[in-house]
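Given below, in the form of structure tokens, are the structures.
What follows is chain A paired twice: with chain B in the first complex and chain C in the second.
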Partner chain A sequence: MTQFLQQLTNGLSIGSVYALMAVGYSLVYSIMNFSNFAHGGVIMLGAYFGFFGLTTFKLPFAAAFALATAGTALVAIVVERVAYKPLRDRKAPFLYFIISAMGASMFLENFVIATIGPNPKPYPPIIPREPIALGDLALGRLDLIMFIVSAACLTLLVLFIDRTRLGKAIQASAYNMKASALMGINTDSVVILVFALGGFLAGVAGVLYGMKYMVYPTIGAITLKSFIAAVFGGLGSLPGAVLGSVLLGVIETLVAGYLSSQYRDLIAFVILIGVLIVRPTGIMGKAVEDKA
Partner chain B sequence: MLTVRDIHVSYGGIRALKGVSLRVEKGEIVTIIGANGAGKSTLLNAISGFLKLGSGEILYQDKLLPKRPDRVVKAGICHVPEGRLVFANLTVEDNLRMGAYLRRDKGAIAADLDKVYGLFPRLKERQRQIAGTLSGGEQQMLAMGRALMTDGDLVLMDEPSLGLAPLLVQTVFDIILEIRALGKTILLVEQNAYKALDAADRAYVLEQGRIVKKGPAAEVKADPSVRAAYLGTESNTAG
Partner chain C sequence: MDSYILGILMLAGINLVAVLGLSLLTGFTGLFSFGHAGFMAIGAYVGAFLTVSPARDVPGLGLPLVVGILGGGAAAGIVSWLVGRITLNLKGDYFCIATLGFGEAIRLVFNNVQRFGGSRGWPLGATRNPQDIWVILLVDVVAILLVANLVRSRHGRNMIAIREEELAAQVTGINVFRYKMVSLVTSAVLAGVAGVLLGDYLTFINPKIFNLTKSTELIIIVIFGGLGSISGSVLGALLLTALPEVLRFFEIWRLVFYGAAVILIMISRPQGLLGGMELTPAGIRKILAERRARQALRAEAAREAEGGSR
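This part shows the complex of A and B:
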């Protein structure tokens, strides 16, 4: 039982970081109806921004964190302006957006490989390694921080979308851009806002993930998992993205703990695919249209 | 109030408007009739800032109209779009409140909400209902009510009677007159020429992107070529 609870808490912690990534994905998807594959690149940059903030610039953690998240929000906006806006203005088919997204992703990755180098770098040890004992459970401090920070960010995001005027504009635009524009909503600003929010969350996720593992140029590949988690939960649905991610994190950790860590991803994905076969819209998704 | 001067609009290579000019004066109901594909929706979407003009200009209250949809709304033009486009996932009341997105004066918004509910008692009864579950006629009313909530002075309406049962078509046209009585000016695009010409003060006939006829609605209605092309017999166009 203790071992199970131990795995469960680990799973919740990594799942919550997946959720940060998946929500960024889902937000953009809900407005633009395409999968922003450049998101992984932005997460990767967030990990590097945090790393250089702490090492090269010797900033205190909070400042490095702020720098990283502001940086990724900005990068996400630039990606939108450069890679997607020209396509939006021309009302290009969705396939073009996907190709552009992949191009942006490759650019970011190779830019980092060319300028910083391909080798993984460890974050400096800011969080003490020794766990906090809670009865028989040993909670890793970093795991706890990952969970708390992710949960706090997601809660703030939900409140923002639910309670504020701009949040309403996001909801309306997610439903229908034209109808929203007819209400006087500047839908172009909504797109920028959504990329900024997704970029901010990507920065948070990048720093947390980098602290847990390491920083390397292909770290963004992890978003494949959060992407699948978002699909699993129901693309475009934020609660779905969170639920799918947390489930993925927990399933993964349980499989690694009880079966084998080599089969971790394999089994996790088989379960996810199984769910999608039974429920193609994902757990909380709406009716499926053929969107890329 | 609104002056459209020789506008051209194309979709890629397809020329949808080939030099359209028209005027709408304050307090008028002006209708544009024309067959499917004539360019009626294109015209309204161009006014609303969704489409780029190839050439020509649009003036509203003697000023150039901004070229972005949200700014057009801010300038005082609201648009009830083809196909209604209500927020199907929101309640009736939340849809109406979305219409007031740009407005800050809570008192005025509440007063307008009452006005809209006065105009559409059906919507009042269904205040908390999710808009996607409304009937077609109710959704049309909601789309009109939502547009009124922007507090625009000029209301563009794109085929409000499309796809409605005959009885509801009559209701919609009655409401259009009531909306005018609230002090609004209306530019109404319709395929249902018979009803539209009855409601309107003046009319334009749009054919393949060109205005081919204009005048007082009664005159246009009496015009033999219009009768032949758009009116047919009264009974088969009323429905």
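This part shows the complex of A and C:
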């Protein structure tokens, strides 16, 4: 039982970071109806920004954190302007967006390999390693912080989208872009805002992930799993993305703990396929209609 | 011939087989797959099992390459039929995501099969045979004839109808599911054959070769060549296989340029090199005739505008 609870808390902690990443996929999907595969590259840059903030510039943690999140928000906006805006203006089919996104992801990843190098780098130790004992459970301080920070960011995001005028504009555009534009919403700014929000969360996720593991140029590959989580919960739905991520994190850690860590990734893809077959729109996704 | 150039040509020929299949699926049927590397992996592993000479602790049957090609293609076709049964009813990019999931799942399965080397890979224990270029060329010709004749047939026209407007095609009485399936299985067989040839060429296979990047590479070639154009796919496979070699001069920067080039193509020339056009005598006549018709129309419009001002 203790082992199960231990695995559960580990799963919740990694699941909450997946949620930060998955929400970025879902935000963009809800507005633009395509899967933004460049998101993984942005998360990776977030991890590097935080790393250089702490090591090269010797910034205090909060400042490095701010630098990383501001940096990724900016990068996400630049990617949108360069790689997607011309396609949006032309009303290109979704496949062109996906290919463009893959090009952007390839560019970011290899740019980092070419300039910084492919070797993984460890974050400087900030959080003490020794865990907090809670009865028989040993809670890692970092795991706890990951969970709290992620939960706080997600709560703020939900409040922003539910309670502010800008949030309402995002909701309206997600519902119907054309009608929102006719009602006087500047949908172009909404797109920028969505990419900025997704980029900000990508920065948070990148720093947390880097602290837990390491920084390396192919961190983006991990975000494929958060993308699966987004599909699992239902693309385009924020609560779905969070629920899917937490479930995936928990299932993964349980599989790794009780079966074999070899099968962890395989299970993720099996879940993806299973969900698509049984319920293609995920747990709470929006339905895809035929164009006629 | 220079063995370096020969190597690039062989690789381009191998890519072409897979690209032709994907061109049929994406360019003529309108289905997008991010999992074709998975079908290549099945072809490569089955083909290797059939052709590798049994030695030491390595499994293998030591059959000729032709058997490997047929067997690898058939295995990929069977798996794609199973995949199609459960995914072809998915709408929009959910089909795309499902193929991505299958492609990665297939790769991860091979990652865990220790008998075939698992993630360490499987050295096939042979040296590269330069004569295999003729096998590759022959397979290319067969694949081109197959796809070209298929898209010109009634079946091919049904596929194009599905690409243009799925609902209308269904209303006209086309069995949409069946023709999507024919297209998917044909393209997977070709991907499987390409996988066998790739294993034979590299003399070493590893699940990592068949990752998402490989699937993306194939899709990029199809789009670069132009959707709905077989000659575009041929040209695309030749040019884009050679491009990383040309860029090799830039060393680690070449993939950076490659990524940037992909974005540039998407935003500046989305129809690719030859979207919807064919470089055959008939195809060229058609392009020229259309151009003449456009010019005539423009000239007439100009004359009328002049007449109106008088």
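By definition in this document, the second predicted complex is superposed on the first by the 286 of 292 C-alpha atoms of A that agree within 3 Å, B and C clash if a C-alpha of one lies under 4 Å from a C-alpha of the other, contacts with A are read in each partner's own complex, and residues count from 1 in each chain.
Here, a residue touches a chain if its C-beta (ideal position, glycine included) is under 8 Å from a C-beta of that chain, and two chains touch if they have at least 3 such contacts.
The structure displayed is predicted, hence computed values, not measured ones.
Engineer: Taking the superposition as given, does A:Leu95 touch the first partner, chain B, the second, chain C, both, or neither?
Structural biologist: After superposing on A, A:Leu95 lies in contact with chain C but is clear of chain B.
Engineer: Examine A:Val231 and indicate which partner it touches, taking first as chain B and second as chain C; both and neither are also allowed.
Structural biologist: Touch partner of A:Val231: chain C, not chain B.
Engineer: Of the partners chain B and chain C, which touch A:Leu259 in the superposed model: first, second, both, neither?
Structural biologist: After superposing on A, A:Leu259 lies clear of both chain B and chain C.
Engineer: Once chain A of both complexes is superposed, is A:Ala172 in touch with chain B (first), chain C (second), both, or neither?
Structural biologist: After superposition on chain A, A:Ala172 lies in contact with chain B alone.
Engineer: For A:Asn186, is the partner it touches chain B (first), chain C (second), both, or none of the two (neither)?
Structural biologist: first
Engineer: With both structures placed on chain A, which of the two partners, chain B or chain C, ends up touching more residues of chain A?
Structural biologist: C
Engineer: Report the residues of chain A in contact with chain B in the complex, numbered from low to high.
Structural biologist: Residue list for chain A touching chain B: 165, 168-169, 172, 175-176, 178-187.
Engineer: So in the complex, which bits of chain C are touching chain A?
Structural biologist: Those in contact with chain A are residues 32, 86-87, 90-94, 96-98, 101-102, 104-105, 108-109, 111-112, 165-168, 212-213, 216, 219-220, 223, 252-253, 255-256, 258-263, 266-268, 270.
Engineer: If you look only at chain B, which of its residues touch chain A in the complex?
Structural biologist: Within the complex, chain B contacts chain A at residues 48, 50, 68-70, 73-74, 78-79, 81, 85-90, 98-99, 101-102, 146-147, 150.
Engineer: What residues of chain A sit close enough to touch chain C in their complex?
Structural biologist: The contact residues of chain A facing chain C are 33-35, 82-83, 86-87, 90, 92, 94-96, 98-100, 102-111, 113-114, 224, 228, 231, 262-263, 265-266, 269-270, 272-273, 276-277, 280-281, 288, 290-292.
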